[in-house]
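Order as written gives the chain letters A, B, C and D; numbering starts at 1 within each chain.
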Amino acid sequence: MTASEILASLFPAGHSVREEGGLLAGTGGAPGAEVAVLGTALGLEVGVESALALAAGVLDVIRLHPGRPILALLDSRGQRMSRRDEVLGLNGYLAHLAEAVEVARRAGHRVIALVYGEASSGSALALGFMADEVHAVPGARLSVMNLPAMARVTKIPLERLEEASRASPVLAPGLEPYVRLGGVESVWRPPLAEALAAALARPAGPDRRAARGEERGGRLLARPVADRVRGGPAR
Amino acid sequence: MTGVESRPARASFREATARRRLAAVLDPGSFREILPPSERVTSPHLAALDQPVAFDDGAIVGEGLLGGQKVFAAAQEGAFLGGAVGEVHGAKLAGLLSRAERERPAGVLLLLDSGGVRLQEANAGLLAVSEVMRAVLSARSSGVPVVALIGGGWGCFGGMGIVARCCDAVAMSEEGRLGITGPEVLETTKGVEELDASDRALVWRTYGGKHRYLLGEADRLVEDDVAAFRAAALDLLGRRREVGLGALDAAHRRLAARLFELGACADATEVWARAGVPEPARLPVLEVGEFLRAVASARRGEP
Amino acid sequence: METLSFEFPCPGPDAPRAAPALVGVVASGNLEVLVEPTAPPGRCRVVVSTSARGFGEIWEAVVRDFARRHAVSGLSISVNDAGATPAVVSLRLDQAVEEYLGRP
Amino acid sequence: MTRSWDTARRARAARLARARAVSPGRWAEPGRATALLEALLEPGDRVCLEGDNQKQADFLARSLAAVDPARVHGLHLVLSVLALPEHVELFEKGIARRVDFSFSGPQSVRLARLAGAGQIEIGAIHTYLELYARYFVDLTPRVALVAAQAADAEGNLYTGPNTEDTPAIVEATAFRDGIVVAQVNERSDRLPRVDIPGGWVDFVVQSPTPSAIEPLFTRDPAQVSEVQVLMAMMVVKGIYAEYGVDRLNHGIGFDTAAIELVLPTYAEELGLRGRICGHWALNPHPTLIPAIESGFVRSVHAFGSELGMEAYVAARPDVFFTGRDGSLRSNRAFSQTAGHYACDLFIGSTLQVDLAGNSSTATRSRIAGFGGAPNMGADARGRRHPSPAWLRAGEEARADPGAIPRGRKLVVQLLETFREHMEPAFVERLDAWDLARSAGMALPPVMVYGDDVTHVVTEEGIANLLLCRTPEERAEAIRGVAGYTPVGRGRSPAAVENLRDRGIVRRPEDLGIDKRRATRDLLAARSVKDLVRWSGGLYDPPKRFRSW
């Protein structure tokens, strides 16, 4: 789905969201109950400029519209990979963006992420995965790396990776694996406005993804291990 | 004899294992590990790929003393799968940070040495890194300082490069490296013209401690010496960065200024020249002390 | 991966009980060795998980020589190996037992 | 009919006359280099195309590979190191037919293939000294194509720090009416020093690109392993200290780099400074810097130079042989002679050792050759001057106490019992046998013969073969340090214990070595940067070795 199709379905009453250079910004929803929208389109690879622009968008909402919910729309192939981005410290720009989302949530903004295309690596970490809840639409694809590239880097035969990915959700890119692992709370189907309203109505809470992963059988150790460490030293 | 004082008597941080780093950075004998190797909490995903596991999954977490104060500490073992984050490894780090929120030690030290997400557990690893990021920000928001120490052989890349910058402060050695897209990945995906990963001088001036310090991405630059890292950790423990709008605004202005001022630079040496460092080409050969003096006025970032 | 288990009787008194000790790292050509006081009295138990298949005989010889060099009665030795040579294995086993015994 | 006694001189004059049509003066145009060679060369000529361990006449090699094979063919190539792709190309094109050489390095696989296909006749694979010797007996070059750093208008050559083979080649060629062509990197009005007089040089051509040099002898201390540190401790305590080894040569592997790096630490602790490792025949290894700086090393004569060591060498003229300009003067022929006759010990790594102690680096699919190791790793039976180490070794080897006293050179082979991928380094039968058969060689290519080897050192211990009195005892001593290889597991434990009692097999514990100290902390330098620090900033490592 394209950004405009998604936006139309999310905000049947209209929205002011514009796409420029792969970045989305604007508001949607009825007067008095506006939702701030920001995010990426066309698979944008997030570099230093776009990370800073996204952070600026979050900062503006905190400053100008206290309490206004934020919807992060994500279609991004990950961080931009270039020498210049590394020279300038892209990791620091992405951390800044993540911290901005954290501050927004702590200031009382609900933050909902919706993956409507791709989500991968740096940009997923800094924007989408910082939300209170992460949702996706059918056809969304979340990933770290495709299997052939993974085979090259890890020197594990591709057949073996393919075989393992049939048995476990940890390897293959896609939507379903991330649902099972708890990384995606739910899959939204049209009309999206209802799903958004329901998400916004839920109270914010702590990071529940590890618990979801355990319930859904995708990540059986993340929650118990974290809890054991949280609990006390083994004696 | 000129050699006497140049003999490297220092105990290298880079060469030490994660366990030895922890033992040397914390007060002697004070470290108590949580989920130690004898608990055998290992990765459930490696067997399917015929890969050996490690009894601690490459992440050592626990509590100890630093200058007599109670701190929590975690260390990644770079030699095991490049210190990469898998389900268990990440859960140990996230669990420690959330324990810190509850028990409120004087701080949390993260001895990072990681290529980022463990590809053998790709999706679970990515989520684990996200959970660690959230846990760092959450611990800081609750008032517990988190300090990253980067000086291992793998550096700190991928999502862990973001985690490092989510901390209150970062100490690095010149040998340490920090970034998001590491040199090998950059060369593989974008070609050798973008970055020649075998050109070590280029790799280190792009990702290395000196450049990060000059940019303000690292708060302390130290010798590759466990004692120097310990001193930096002690020093940075009191250095909290508020998680709030004020600090965020200040950081935003700094990052915007960096982009405005240095955004046209494609290479670190251009950055150093434009930042006003005299004789920028000399920076890589300077020892830490000389380097700090040479860049004192040109350094960007907080003091 | 291949798992090898060895258990054999050891002469002499059991090693003192101490906190488990770990040395080495699981990296190419290297291994980690965990020493714990959990074997039955008078016996030593060694469990090896290795990525290099087909070297069981060599492992057995290395482990037996190791047990002859040290008082390992009552100790369990657990190994995660990523293709270390016998030279490195012997060195790590020695270091691990010394680390274990060096502790109060 | 009277016999003519100057045929070679007249042939030389005729060739030079042909060549003057291409290049009237001593300085030839680079673009005419191939034409010059076509004018000078005749089919079947014996040609020395300088290929040293480091310096290569690469531009002349490319020019030679471009000649018309119809005019120039069937050459007999003599050169010490056959390392360039162009060298192999000469045979593929039929320009050359026969070769005598010492070492083939990177071309070893292609060479084996050519030999298998019958496209190359290998006269012999020599050691360096043998090959130079034969330049003066029956393999004298008709034409020598050599390389130097710079030349002046008169054709005087400055070789820079890599003088290497050039004097030996030019001496043999110029004084037997041969023709010498030199490629140089630059033309200079004032040479820093003259290494080859212009009167011995016929043509000079400036290479469009400087001759490429590889840092062949730089070992990054970061890659030295703990096991190598342990073996280095054994060598220092069990051999160097034991025999008082003060004149020596080291191989170029990480094993010997580890020894160099523990001299300022471990050997210093043992009080050995001033007693061992004073005089060396060695390339200027960067890993030797800490031992030089801490006062172990008193002199180094070098076969060739090493990239990045120029300023350091120039600043340590008491240690290195240098010209008045400060740059290193190396000379492979002299240094090999020094290594053979003047050194008490040679130590080097190897790939395979059999039960007789024969040591080989040959593998089935490569013809790699020898270089200089066999010259240094062989007892110099012509030697007459005594030294404590040499006498002690001789005494240990003497079975009959009434026999005439005679010394022995210490020849030590250093190897881990398993190589990578669990390949056993000790074998019943060397791969060299198979290579000899498949390549039709008269001799299996053995690097060091068993009867020259005095000690085998592995992580398990030291086998002193000097003290063995029978072939069976020797084999058992070798089994006694062969670890868990099939050869090692074939030992008789009782026999090995007996050898231990007699000091023939010595374990680290027998030597009083605490294995826990075998960590990288014992290395005087753990990184290339540490080496730069030791050198006071004078060592300038090549790019690939620096992370700054």
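Structure notes:
Please note the rule applied: a contact is a pair of C-beta atoms (placed from the backbone, for glycine too) under 8 Å apart; a residue touches a chain by one contact, two chains touch by 3 or more.
Keep in mind that what you see is a predicted model, and the values were worked out from it rather than measured.
Every chain gets a centre from its CA atoms, and the centre nearest the mean of all protein CA atoms is that of B. Subunit C and subunit D have CA centres that are 42 Å apart.
Spacing of subunit B relative to subunit C, judged by their CA centroids, is 33 angstrom. Subunit A and subunit B have Cα centroids lying 24 Å from one another.
Centre-to-centre spacing of subunit B and subunit D amounts to 44 Å, using the average Cα coordinate of each chain. Across the whole structure, chains are in contact as follows: A-B, B-C, B-D, C-D. Note for the complex: subunit A touches subunit B at residues 48-49, 52, 55-56, 59, 62-63, 79, 81-96, 98-100, 102-103, 106-107, 121-122, 124-126, 129-130, 142-145, 149-150, 152-154, 156, 160-161, 164, 167-173, 177-178, 181-183, 206-207, 209-210, 213, 218-223, 225-234.
Residues 1-4, 6-8, 11-12, 15, 174-175, 198-201, 203-205, 208, 284-285 of subunit B are the ones touching subunit D in the complex. Interface residues of subunit C facing subunit B in the complex, by the touch rule stated above, are 1, 20, 22, 25-27, 30, 32, 34, 36, 49-51, 78, 80-82. Subunit B makes touch with subunit C in their complex at residues 17-19, 36-38, 47, 50-56, 77, 79-80.
Those residues of subunit B that touch subunit A in the shared complex are 32-36, 39, 41, 44-45, 48-51, 61-63, 87-88, 90-92, 94-96, 98-99, 102, 117, 119-131, 133-135, 137-138, 141, 158-159, 161-166, 178-181, 185-186, 188-190, 194-195, 206-207, 211-212, 215, 217, 243-245, 248-249, 251-252, 255-256, 258-259, 262-263, 265-268, 271.
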